[in-house]
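Multiple structures are listed underneath, in structure tokens.
The following pair of complexes shares a single chain, chain A, combined with chain B in the former and chain C in the latter.
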Partner chain A sequence: MLQIEKVREGDALILQLIGEVDASNSVLLDQSIQESLQPEITVVVIDGQKLKYISSAGLGVFMSYVDDFSERGIHFSIFGLTQQVGEVFKILGLDRVIAIVPDKSTAIAFRK
Partner chain B sequence: MIKTSAIPVGKISLLLAILIWLGLLLVDLVRIFGVINNLDSGISEEVTWGLEILFFFFTYFLYRHVFWKSKQVDFVTLLWRGASTGLFAAIAGLLTELIFFALGDSKIGKDPFLQTIFYHLNFAWSSVFLISTALLWKHLILYQKTKKVVKQWQVFELSMLAALFFIFFNHNNFDYSFLFALVILLVISILLSANLKWIPYLNFKEKWKTILFLFLILLSATLLFYRILAYGNEERFQINLTDNLFLMALFGFVMVYGLFSFLVTLFNLPTSSVFEQKLKEALNFQKLSQSIQPEENEEHVLDILVESCISASFSDGAWIALNPTEQLKIQNPLRFIEPSTLTELTALLPAEFQNWTLTPTNELQPYSIRLKHPSYKSALLVPLLVNKTLLAQIVLVKEVKEGFNKEMVNIIGTFARQASISVENHRLLNQAISSERYQEELKIAQRVQKALLPLQLDHPSSFDICAYSNTADEVGGDYYDTYQVDEHRFVLIIGDVSGKGTSAAFHMAQMKGVFQSLIQMGLGPADFMIKANSALSKCLERNHFITASIFELNTLSQQFRHARAGHIPTLWYSAHAHTAEFIAVDGLGLGIVRNQNYENHVQEVTGNYQAGDFLILLTDGILESRNDVGEQFGYTRLKELVEANSQMPPLQLQKAIIDSLHQFVGGDGMIDDDYSLVVVKFK
Partner chain C sequence: MSPKLILSCSTSALAELRSFIQLNLEVFGFSELDKHQITLAVEEVVANLIIHSHACNPNEIIHLEIKDLGKKVAVEITDKGEGFNLLEYEVPELRQVIEEKRKGGLGILLVKKIMDEIQFESKNGENICRLIKKFPPNFK
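Then we have the complex of A and B:
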């Protein structure tokens, strides 16, 4: 089960992921990001405090946006990952590509 | 040996009937000759009567045979045969009378022999007509055979048989016994005449023909009856053949049943269209239930449905409105309606007619509405629901107000439901067929993919190796392989494609291609990853990546070189230290960074191994498998398990890990991911 809460704070878009992202609902995550991408957004933040599990398909969704965001000048970061989920990011090496920050204030500080 | 061949009953009967009639004529002529010449011919009346009875018998057999042969002939044709026989007999009788009228008082006109010959001819025609018609009536009466009707008919036949021989007791006197017997036979005839079940099966046109032919039969019978009565009143003939109880009763029977049939058919005429309509509805219903064969389509059902609805409601026009979201096309949606009229009429329909998204909670009934249109005054909307969505609506229009009565609405509702069932069944059947095909395709894919994983793992005698792989779906994205570079160098690889199922399986096949081609170039682990990343970047979808772990083992120097691309770290058990550790080395998954930059994200480590050491390469399916409280199998559990079972040979250790995993997940728990395991033990 995955629930996605969207919050706008100025030109920052914060997506809170609640539950688990797996092969069956990774499409939902993709759609959700796609829909919320208003042109004025400069910061996209994933709130992972309540993300219990993410499968490779879910990681693939984030990965697919990395280049897209950098081309559009959007700063993308993730915060609040649990130890277990954070480990998955680290093993894959995604932490080298996506900014994993300690908290929300750090994440949205990238706003212009 | 005597060959038994079929006896030509018809021909023999015909021949005998003619011979007996000639005999009868001869006997009577001889008698007249005797009377005229005051000679006693010595022939008693009983001889004539006997011959007469025989004549009746053979005529009966002849016609019984004729009817037996014409079982499949329809009623109207049979009635026409009866009518034509009657007409022939009646016209022949009239002609005889005309001839004698023309001859007048001339000598030939008064000639008793000539008169007798004609009398016998008339007798023969009348008898043939009466007996054949009686047998025709029998055929009609017994159309819907019940025990009761068959009994009634048998009683009548036996009574008629008795009537044949009545003449021997009564000596042809018209007395009370004659009258009494005649009345009894007439009563039986009337009782039999209640069996008219064949009439409703005639259609309107057939009924008209039936009425005409029955009228002709009745007319002929009446004319013949008058002729015979006229003969009876004249005392010209020495012997009276026609004042016979059998013949009189036959007349009665033929007339009574003919009259009943005539009247009932006549009164059935106005309602016959209703009967025909019901029959047509039943046929339409049957057609709808059988309409879809697998090779036919849903449009075919709609076609039949529309035709059935029009015919059940006598509509002046109709059209089919299809739900635009359904992938349906129909050749000709308009019936008896011009496209311009359609636009006018659509505008007059209620707004909800256009609302296809409406999801009806219960079954929709057809409903009629009034129209304010110059030509059409009422309409019936027939919704067709399939799987709770509105597939189509049929609009029937009539030129009269309130044109659709309750019965029409009911029967059309039934038609629509039946059509829905047909369409639903058709869809289910197609789904079943295609899903079966997919299953077959997947089985092939499974077979092909299994062949991609090596059956034999290249290894020297200095280490043992075994591998296991399991997929969550029919096909999966896990990959392992081995390659012998030279005498002392061996390469092991394990990989995991993101996602699972078919797409993962395709990428896994690409991975195999990349490995088998790049590894032959003699690349070291890190270089291999860089080249592999570059190759896969060009063919992986943007949201897919592959993780991999690669080892190059040198059995001579007992060293390994290792690189990791985002893959689960490999567990290395050191026999010397009695501990297992996951080899820590940085490395980004393949296909995540798709440019030269990747070089900065991959590292290579080297290590020395000893005899008794283990390398356990695995995919995340093992570590991420969860038990019923959501806890993951995890690194620690695996590490402890390997440390505890370090004495085992590789295959046994592998089995221990898999068993432990299944035990952890729980008896019924499914491991919802692909998982693979390669175990290497150095000797």
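Then we have the complex of A and C:
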């Protein structure tokens, strides 16, 4: 089960992921990010506090946007990952490609 | 008797797979972190089979069995059809994954990083993939 809550704070978009991301629902994550790519958005933040599990299907979605975000000047970061989920990012070295920050205020501090 | 599961080849069955693995790893003394990672590795292999070898056909099935090998546990994944030998799969570089916007490739990398040993055999139209993890050092 995956639920995605979107919150807009100025030019920042926060996507809270609640539940589990796997190959059955990663398309929802992809759609949510795709819809968020509007010109006025300069910061995209993933709130991972309630993300219990993510497989490569979900991680691959993040990875597929890394260049897109950078080309559009969008600052992308993730905060609030549980130890277990955070460890998966580390195993793959994704923490070197995606900004993993300690909290929401750090994430949205990149707003213009 | 070793725990067994028969799974339908649909991605909606993955949640059931996770519950089965989590529940049956309990007896081997793995930490929550280890259980999370082993579950993920098994799911990556099974999701790969469901999507690529069985085209998400819910009428086809995959068998799972968790075997106690004494000092390690093996999760045995058996299916019929076109075999996918992940030992022969060349893992992509992260940069490649980003540039090609490929949403796959990371899964097999996870399996190889998480598990201690991977075995694959294919005979009489049946493929068996064994994902093996040593018990924690303080167990047994």
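As a convention for this text, the second predicted complex is superposed on the first by the 112 of 112 C-alpha atoms of A that agree within 3 Å, B and C clash if a C-alpha of one lies under 4 Å from a C-alpha of the other, contacts with A are read in each partner's own complex, and residues count from 1 in each chain.
Basically, a residue touches a chain if its C-beta (ideal position, glycine included) is under 8 Å from a C-beta of that chain, and two chains touch if they have at least 3 such contacts.
Just so we're clear, the structure is a prediction, and the values are computed from it rather than from any experiment.
Peer 1: Quick check for you: in the superposed arrangement, does A:97 touch first (chain B), second (chain C), both or neither?
Peer 2: both
Peer 1: Let me test your reading of the model: by the given contact rule, A:55 touches which partner, first (chain B), second (chain C), both or neither?
Peer 2: both
Peer 1: Applying the touch criterion given at the start, work out whether A:83 contacts chain B, chain C, both or neither, answering first, second, both or neither.
Peer 2: Only chain C; A:83 stays clear of chain B.
Peer 1: Which residues form the common part of the chain A surface touched by chain B and by chain C?
Peer 2: The answer is residues 22-23, 26, 53, 55-57, 59-61, 63-64, 66-67, 84, 88, 91-94, 97 of chain A.
Peer 1: List the residues on chain B that touch chain A in their complex, please.
Peer 2: So the residues of chain B touching chain A come out as 496-501, 542-545, 547, 565-569, 586-589, 592-594, 601, 620, 624, 630, 632, 672-673.
Peer 1: So in the complex, which bits of chain C are touching chain A?
Peer 2: 11-12, 14-15, 18, 32-33, 36-37, 40, 43-44, 47, 50-51, 94, 97-99, 101-107, 109-110, 113-114
Peer 1: Using the touch definition from the top, list the residues of chain A that touch chain B in their complex.
Peer 2: 22-23, 26, 30, 52-53, 55-57, 59-61, 63-64, 66-67, 84, 88, 91-94, 96-97
Peer 1: Please name which positions on chain A make contact with chain C in the complex.
Peer 2: 1, 20, 22-24, 26, 53, 55-57, 59-61, 63-64, 66-67, 83-84, 87-88, 91-94, 97
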